[in-house]
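Each of the next two complexes has chain A plus one more chain, namely chain B in the first and chain C in the second.
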Partner chain A sequence: MQKIEQANARAVEIMLSGDPVLVDVVPASVAIPELATGKIILHAGPPITWDRMCGPMQGAIAGIAVFEGWASDLDDAMAKAAAGEFDFQPNHHHNAVGPMTGMTTRSQPVMVVVNRASNNKAYCAINEGLGKVMRFGGNDEGVLKRLAWLRDALAPLMADALKLSGGIALKNMIARGLTMGDEMHQRNVACSGLLLRELSPYMAAVAKDNTLLSESLKFMGSNDQFFLNVGMATGKSIMDPVRNIEHSTVVTAMSRNGTDFGIRVSGLGDQWFTAPVEMPEGLYFPGFTEADANPDMGDSTIVETIGLGGFAMGASPAVAGFVGAGAASDAAVFTKDMAEICCTENPEWTIPGMDYLGVPTGIDIRRVVEVGLAPTINTGIAHKKPGIGQVGAGVVRAPMQCFTDALRAFAAKEGLA
Partner chain B sequence: MQKIEQANARAVEIMLSGDPVLVDVVPASVAIPELATGKIILHAGPPITWDRMCGPMQGAIAGIAVFEGWASDLDDAMAKAAAGEFDFQPNHHHNAVGPMTGMTTRSQPVMVVVNRASNNKAYCAINEGLGKVMRFGGNDEGVLKRLAWLRDALAPLMADALKLSGGIALKNMIARGLTMGDEMHQRNVACSGLLLRELSPYMAAVAKDNTLLSESLKFMGSNDQFFLNVGMATGKSIMDPVRNIEHSTVVTAMSRNGTDFGIRVSGLGDQWFTAPVEMPEGLYFPGFTEADANPDMGDSTIVETIGLGGFAMGASPAVAGFVGAGAASDAAVFTKDMAEICCTENPEWTIPGMDYLGVPTGIDIRRVVEVGLAPTINTGIAHKKPGIGQVGAGVVRAPMQCFTDALRAFAAKEGLA
Partner chain C sequence: MRVKVIVYSGLNTNAIEGILNKPKVDESAEALFEQQLDVITIGLDGFSADLSAQQVPVTHVDWRPPAQGDPELADLLSKLGS
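And then the complex of A and B:
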């Protein structure tokens, strides 16, 4: 057992010493050279074939195929996808993450977060805003037009500004965000503002066209979830160096493709342990009900993996109501519960309203199974049909089966079975 | 008694229906035409003569006299002030407010907040940032240079941007700030960011010089207290229409000049009820102690008058530690206490962590005296000598004597004595 404790101590040490910095925005094919050739579509969650994909995932794939010029229209894209013309791979296999459907393809811009403690990089596309967007399965002309604007207008401006800035440090920004009611999954309004106020002077300094600058500031400033994708790349950059620590039972990734939920465990390398995703319990936008909802989806659970999102609910009483998780004053209960399944708390990411308790850090599959509490996740809810978009937000649990299967495999590998 | 209840109901109705909008930045002499002639210096708090002013107030006056070209240097300014060459008047007598020393003179830019419910305007200078600044009695070359930059660079840019924007609505912004840990007196980081993200697209659209634009965004974005002065003008714009409601016992202003604390009560017109200011209890910056501290000062207590600051402490567990007010989890106690001395709560300004309790609204001098709880104020602390600046932050109570004196006067006026 001592080997395991030592390995987990090392795992959380790497997590807590992570130093994520937003440094650049580049085309995905530059960040991930494998994307430069072929018709590779990276998606959220563990690996999945076309026939098993949910509606919004198929919708997003049709849209992104048209966007990349690999199909003439959505019907053509669907037919080509079914005929096996596209190569589907998880973001997680390429140092990347993506929210909800999580589309990442060659010409899309991705933000680059460097973990300066370990010099690894992680990538995530730019958040599209709310409403009908590709991450929720939207794929119409407006969605594709916005993606083109992100690629052609915002991304180069952000890239130039980030280069001039020398990089925006994210660890302290997230710490501040926690004191301002963000939990960094369903609530990112504070960090979105903090990022904008740090980046905007550099954007002004490099801008060649103030109409574009004004539009860009408005786009970033109107999107309370702009920071989500930055936080996700942060999470990926922090967790990737925790992979492959022998004997460690710490979870290095939790992710869902809308059909399967998958986890990875440090001491078990890059193997996915999957189970069917659950349906979030939450609140629906006017005109929608649970009957419209797609089950849980996205790589965004990487933020829970580093102690944010549902784990940091106590920092964000306002989010408890938004995701239908009960009274605002009960938000702290979620954080206390998650502390029971984690190795430690984060002394730099603390919650004022809980007298500066650190967020629970380092999910231990042994504790999850022993305590019988699966990780709590704050999530957006997509319509189950392609092309519609977000219909609500809620709370969902990771399926316990992922953890029991992983623990069984761990025990077998360690000769403890 | 029914007359009083009706009058107070009317008072809080006016408060709650206030609709403050930041619309412009103009020279003080444009906003307040009386300043265009003579050497009038508006200051914080109730009326006071030069000989009774505290050190930082005298220091600020010396500095602003040099700034306005009314004295050749600080010594000359001090001599002229003592010789009666300047006309000292309270900001509050001119629809204005100012933090700490609260200097307002002809060429300084003031932000204009219109209360669209009643069409009155209120004014406040632009926040200078932290460190050695005039509001804390700073008066050296760096302080005056910054004031000149505000006047010549930032103010015109903000003015053009605000005109293009059509005005920035403040009521909802403050509501959001309360959900993000601001109490709008010692913590304004959320609203400062929210204001920047609304205004920056317009600043980009009107900017003629991107170096200045970049500097301006950096100045605003680096100052967590930028919004304080906006919130103060908001408070003044909300409270001024509450003045002079016959039979009302609601407090319309609380203010301090560093020597006297003064309050005004709606049913007692514009009379000040004053008592010696108290010394804040708080935390001091490294190298300073209570022995360095000047007593309580500034018009900023207008934010407590509308239910923010110390009244909204429950929204801001992080501020409790900053002002030395005990454990973060105790912050809600301050808000609950202040509810005991107020007429109602504000249904639009609510505190998520207190299950959306509205901030206490409409200080009733009868309740203050009956309950025996004076208003709690979160405040910055200035060095007692001129020219030094801020040395800490803390919590202070309004002197009970102001309220007992006012209540006695009210009873006499109403024939209840």
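And then the complex of A and C:
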């Protein structure tokens, strides 16, 4: 099967040569023109209908419908959603990604990451912070007010600053973040700081209002997960050019909508292979338990798809404790396990504490099925009811069924089954 | 390392002791077990852990049946060059 090896070599070559740069923040309807008309709501994960959506996903949809002026209140939004007035589509179908519920609608600002190696763009909304936020199903007045501030205040300031900067290169920033203890999914402390350090002089240069500047810098500086959404757009910009390589068994997307987990495989085009999503095992914030938790959710698994998150756990011993994955010394085991299911390692994204081992890169569905190890994902945990928000963080495995189904389909396409 | 005995997954410590205590083994095998044993275990960690606990030198090989023992998937993997 030399043609598979050659195709996979091409896939990881494209991944490793990716050159993601954060260049702009624009309204989603500008980035994704299809959103300009109709009532399209982009969500995380593979396609799903309203009746199969989990509580936080429905809660976020109700909130974003009110935010866009498509409903008078949350009850009205729920009724209209159930009546089929909104068009639900995955972010992944529009070069976009979104964390947890992953709401993307026309007036929301999205960050634009350009992959200069392949000249493609990827989009992700601005991270809202922790606690009660829309990505975890939050939808009250405070959540919507924050979204409006992101749209009307922070986004234009960031856009002007990015234009003045000429763009912020992200590949080296992530490399530095790995050496500073980030794995870019549940820990983004270092990269959030590095981004703020690079962007803040330009924000100061373009700001016309010192109060707004101060509020913006405070918001960004106090959000340890600010970089998560940047990292996700980075992942999407790196993986989209890997799609549709004939004979390649490399995974190009992993994503979940709170009900289903889905993967896409390069040689199988844009077909989703789905299975029921799993429940994360993790630690809960005070006052919450596993009984409150919603199953796994979000497009953020795009960071694992490029070798970060659970795949880079060895770089981030602090995360192992935060997500309840064991002792700090166990972190390297996760990375070594993930190396077993990948084509290669990334020589530019290395882990000092593992003798500069490169992060595992290029998930091969053949290796996943053969070894019997499903990808490890670091994740936040949402409350299962709408409107409450994040209740913990943990680790979850991708369902093996996605990979066995994809393997059978791949073998059939190759005429081997 | 000089290898004298390979213990495959499926043999546990009791089984090894059963071999060692078997009343009628041929002389060459008996001689083997009178020597210092260097053991390789394959599969479950518990095999090597049991032996280590008894101060038996052991090297563990991390191995799983391909495709978790599913013959159909193992056949497809073979055809796909994995």
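What we mean here is this: the second predicted complex is superposed on the first by the 417 of 417 C-alpha atoms of A that agree within 3 Å, B and C clash if a C-alpha of one lies under 4 Å from a C-alpha of the other, contacts with A are read in each partner's own complex, and residues count from 1 in each chain.
Here is the rule we use: a contact is a pair of C-beta atoms (placed from the backbone, for glycine too) under 8 Å apart; a residue touches a chain by one contact, two chains touch by 3 or more.
Since this is a predicted model, take the numbers as computed values, not measurements.
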Next item on the list: Scan A:G167 for contacts with chain B and chain C and give back first, second, both or neither.
Entry: neither
Notebook entry, point to check: Should A:E5 be classified as contacting the first partner (chain B), the second (chain C), both, or neither?
Noted result: second
Notebook entry, point to check: When the two structures are overlaid on chain A, which partner does A:A327 contact: first (chain B), second (chain C), both, or neither?
Noted result: first
Margin query: Going by the contact rule set out at the top, does A:M354 touch chain B (first), chain C (second), both, or neither?
Written below: first
Margin query: With both structures fitted on chain A, tell me whether chain B or chain C touches more of chain A's residues.
Written below: B
Notebook entry, point to check: Now for A:G221: first (chain B), second (chain C), both, or neither, which partner does it touch?
Noted result: first
Notebook entry, point to check: Taking the superposition as given, does A:G129 touch the first partner, chain B, the second, chain C, both, or neither?
Noted result: neither
Checklist line | Footprint overlap on chain A, where chain B in one structure and chain C in the other make contact | finding: none
Margin query: Under the definition above, what is the set of chain A residues touching chain C in their complex?
Written below: 1-2, 4-5, 249, 364, 366-367, 369-372, 400, 404, 407-408, 410-411, 414, 416-417
Next item on the list: Provide the residue numbers of chain C that touch chain A in the complex, in ascending order.
Entry: 64, 66-68, 70, 73, 76-77, 79-82
Check: Which of the residues in chain B come into contact with chain A in the complex?
Finding: 176, 179-181, 189-190, 192-194, 196-198, 200-202, 204-205, 207, 210-211, 213-215, 217-218, 220-222, 317-318, 320-321, 327-329, 331, 352-356
